[in-house]
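The first chain written gets the first letter, and so on, giving A, B, C and D; residue counts start at 1 in each chain.
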Amino acid sequence: MAGFDKVVTSYAEALEGLEDNMTIIAGGFGLCGIPENLIKEIKRRGTKGLTIASNNAGVDGKGLGILLEDRQIKKMIASYVGENALFEAQMMSGELEVELTPQGTLAEKMRAGGAGIPAFFTATGYGTPVGEGKEVRVFNGREYILEEALFGDFSIAKAWKADRYGNLMFRKTARNFNPMAITAGKIAVVEVEEIVEVGQLDPDEIHLPGIYVNRLIQGTFEKTIEQLTVRSA
Amino acid sequence: MAGFDKVVTSYAEALEGLEDNMTIIAGGFGLCGIPENLIKEIKRRGTKGLTIASNNAGVDGKGLGILLEDRQIKKMIASYVGENALFEAQMMSGELEVELTPQGTLAEKMRAGGAGIPAFFTATGYGTPVGEGKEVRVFNGREYILEEALFGDFSIAKAWKADRYGNLMFRKTARNFNPMAITAGKIAVVEVEEIVEVGQLDPDEIHLPGIYVNRLIQGTFEKTIEQLTVRSA
Amino acid sequence: MALSREQLAQRVAQEFHDGFYVNLGIGIPTLAANYIPEDMQVMLQSENGLLGMGPFPLEEEVDADLINAGKQTVTMVTGASLFSSAESFAMIRGGHVDLTVLGAFEVDCQGNIASYMIPGKLIKGMGGAMDLVAGADNIIVTMTHASKSGASKLLAECTLPLTGKGCIKRVLTDLALMDIVEGKFVLRERARGVSVEEIAKLTAGELVIPDNVPEMRF
Amino acid sequence: MALSREQLAQRVAQEFHDGFYVNLGIGIPTLAANYIPEDMQVMLQSENGLLGMGPFPLEEEVDADLINAGKQTVTMVTGASLFSSAESFAMIRGGHVDLTVLGAFEVDCQGNIASYMIPGKLIKGMGGAMDLVAGADNIIVTMTHASKSGASKLLAECTLPLTGKGCIKRVLTDLALMDIVEGKFVLRERARGVSVEEIAKLTAGELVIPDNVPEMRF
């Protein structure tokens, strides 16, 4: 790697330095736009004691769900974990610590982590279990709670297209948490469907500049659909 | 206007309801990407006592500078006002109140206003005149100050292309403060170079969704260059 | 007679206005999209990053990269836009969505809502619901008025963990449409053939019954 | 002899590393872009929303929509990206820029910097400077060591309103390169033909002089 070329050629290299008890910020919503091969590599590495922030925890046997099988996740920060029986079992038994975080607050906590904002106020969660123990302050007659930023040792994310400098474009709703997740990790690792030469992406259409990306790898994706719903013609 | 069609056909209509002593959030950086015709319409209307948040205050005779001539601006929230002799004179004489705000804090205050974040912490300005009177709090061993969101009665901004629903694309560095400014105003008015039919913009390439835009107008622009700098071949 | 799911959806759709940006929760709220009047434009926001959600795809249109907040495959309407989750919730939290419709386990006459957790039984998470109720001025909660055993879900005070505090102003149940005004449920409409007395019996929170409570019309 | 503007820019460029994202302030810092070694890639961030700033345009390339933070017309290099001011300062505040170079009126040995205002005289505003000094770990301040009348600008305590507190670790003047370590200036290099004594005389803040202070090499 010289200059701004972020491309690595193996998943082992992509996650080099990932160690037990680290924190990972992960992109994806359900199984849509998840870094599936990076997750598989974490399973292969057998890294334990992980704290993972991601909107969902995958399903049984897919996505982050596969990291539950060998109990690699110590703590999960997520907004919705209802799709995963193994997750529920580990949570109920207390093996797995869970910090339920409202979806918008989770997105904003990731953005804040990447943007040098250590904390912000939001009305979301005021007066609910989410607000317990958090500072409440009134602005313009309304109560807000203080939420702190999220930072990761690593970010793992999935984009659609990238150039070799790590400039990224996402596709449809596979964008979701990916851009913010990338900004919030000390080492941001992104897998993409296609890597193009530098200069092939229109600078005005880049969704996330390569400055946030440390390592880039091209992968092939299963793209499992959770709820296949169709209409008839 | 029916449904989501945001197009208005006159500048008078575009700024209908703008009254004395209102607050306006304006896009633009220097004279780049400024809503020049909306500013001219404010001058024509003669609206007084305005509070305007904008990174710069234009130059003499251009941009927001023309609103100084008839003393329409009561207070300016800006990061840099060094290009404007009339501004400096009115500021020094105390006719014009100025709240100097760091550029990044200004951008974030606008974003926060649009995003339902009433306040956030930033290290920017800690220990400087900007931090005076503001709450200081330590996170991870570093001091940060609390900054509050900005809201406007109106936003005025300039984009490149729009569809009739107000979905926007910006061009090059004329994007600058425009997207955030638009989100922070109760009535967001945007002027553009071109209005295309709905469906002509790729949903993945829209920079700002039309939900933030209330009124849209097509204009012609002078695009004055402040510092023409060229190299020879 | 209690409203069917379809009737609930139909009644929700009566709250739509031309040009409204609307977020519809999973279940009955989503069904309301089927009842948007033909002469009216409504744009659906899906909090996973889509404004302008269309119907389910034809089989050949299915795209794993295009789903709604319920993880169902969907389509986009003409004029749709796509964005990140941070942008999506900036939109929601910042009050830019005109109407939010979502379900609940319980609502009380203080405007509190409980919809995401039954301790010891159901801990799936709040998803975007807490942001939606905190961000919207205009919310309709759709729910059944009482449990199968006849226990009211319209309470003086919610018993389950809250999703939002003091943010609900309108509730549509299978029996009635109610506003929440100054700490009281105010009965606005009743389902066809459902008496005011029956509604009163199944409403545990304080209830105001105006002189005239019309039946819902579809 | 005191460094010329070009030599200052050259010395700044020695701090660049291959693959660095750099923000260069107006004036001498901007000149440093002319001295990027040929075998090295450096990408320039312009805080008005451009990563990958290129040289000034040819006359026929001039585009009013493409300027730098000094409002000068510029170009983009291959691989550039464009974004909003909020995104730009997320990048800066979040510490993603590898090196920031900017000018100053005064610096003190506590790492404080004053660069934006002379009360009663010059009130143009801080622009992005406060965000840049607060957001970067790696900052070089370029300035003249003393005023024309010989008053030191490297002080025990800044006299002008601060741009940032305790954030400066390295200062390059026309006479010397200094680090700021534990409340003291540490002399690292001196301009060719400038004596340690001369530097000491013009440095008002506490100064540490190591045994060996090499001359700068270009």
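Rule of thumb we're sticking to: a residue touches a chain if its C-beta (ideal position, glycine included) is under 8 Å from a C-beta of that chain, and two chains touch if they have at least 3 such contacts.
Small disclaimer: the values here were computed from a predicted structure and weren't measured.
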Open item on the list: Quick check: more C-beta contact pairs at B-C or at B-D?
Closed with: B-D
Open item on the list: Among all chains, whose Cα centre is located farthest from the one for chain C?
Closed with: D
Task: Cα-centroid distance, chain A relative to chain B, in whole angstrom - done: 32
Task: Distance between the centres, which are taken as Cα means, of chain C and chain B, whole angstrom - done: 35
Open item on the list: On a C-alpha centroid basis, what's the spacing between chain A and chain C, in Å?
Closed with: 29
Open item on the list: If a residue has to touch 2 or more other chains to count, which residues of chain A qualify?
Closed with: 108, 111, 115-117, 122-123, 170-172, 203-204
Task: For chain C, residues contacting two or more additional chains - done: 76, 82-83, 89, 92-93, 134-135
- [ ] Return all touching chain pairs.
- [x] A-B, A-C, A-D, B-C, B-D
Open item on the list: Quick check: in the complex, which residue numbers of chain C touch chain A?
Closed with: 46-50, 55-59, 62-68, 70-74, 76, 82-86, 88-89, 92-93, 112, 117, 123-131, 134-135, 161-166
- [ ] Please name which positions on chain B make contact with chain D in the complex.
- [x] 29-33, 55, 78-83, 88, 91-92, 98, 100, 102-108, 110-111, 122-130, 143, 160, 170-180, 207, 223-233
Task: Residues of chain B that touch chain A when the two form their complex - done: 108, 112, 115-123, 137, 139-140, 142, 144, 148, 169-172, 203-205
Task: In the complex, chain B residues that touch chain C - done: 1-4, 111, 113-117, 163, 165, 167, 183, 198-199, 203-204, 206, 209-212
Task: Sites on chain D touched by chain A in the complex - done: 18-19, 21, 40-41, 43, 45, 51-52, 76, 78-83, 87, 89-97, 134-135
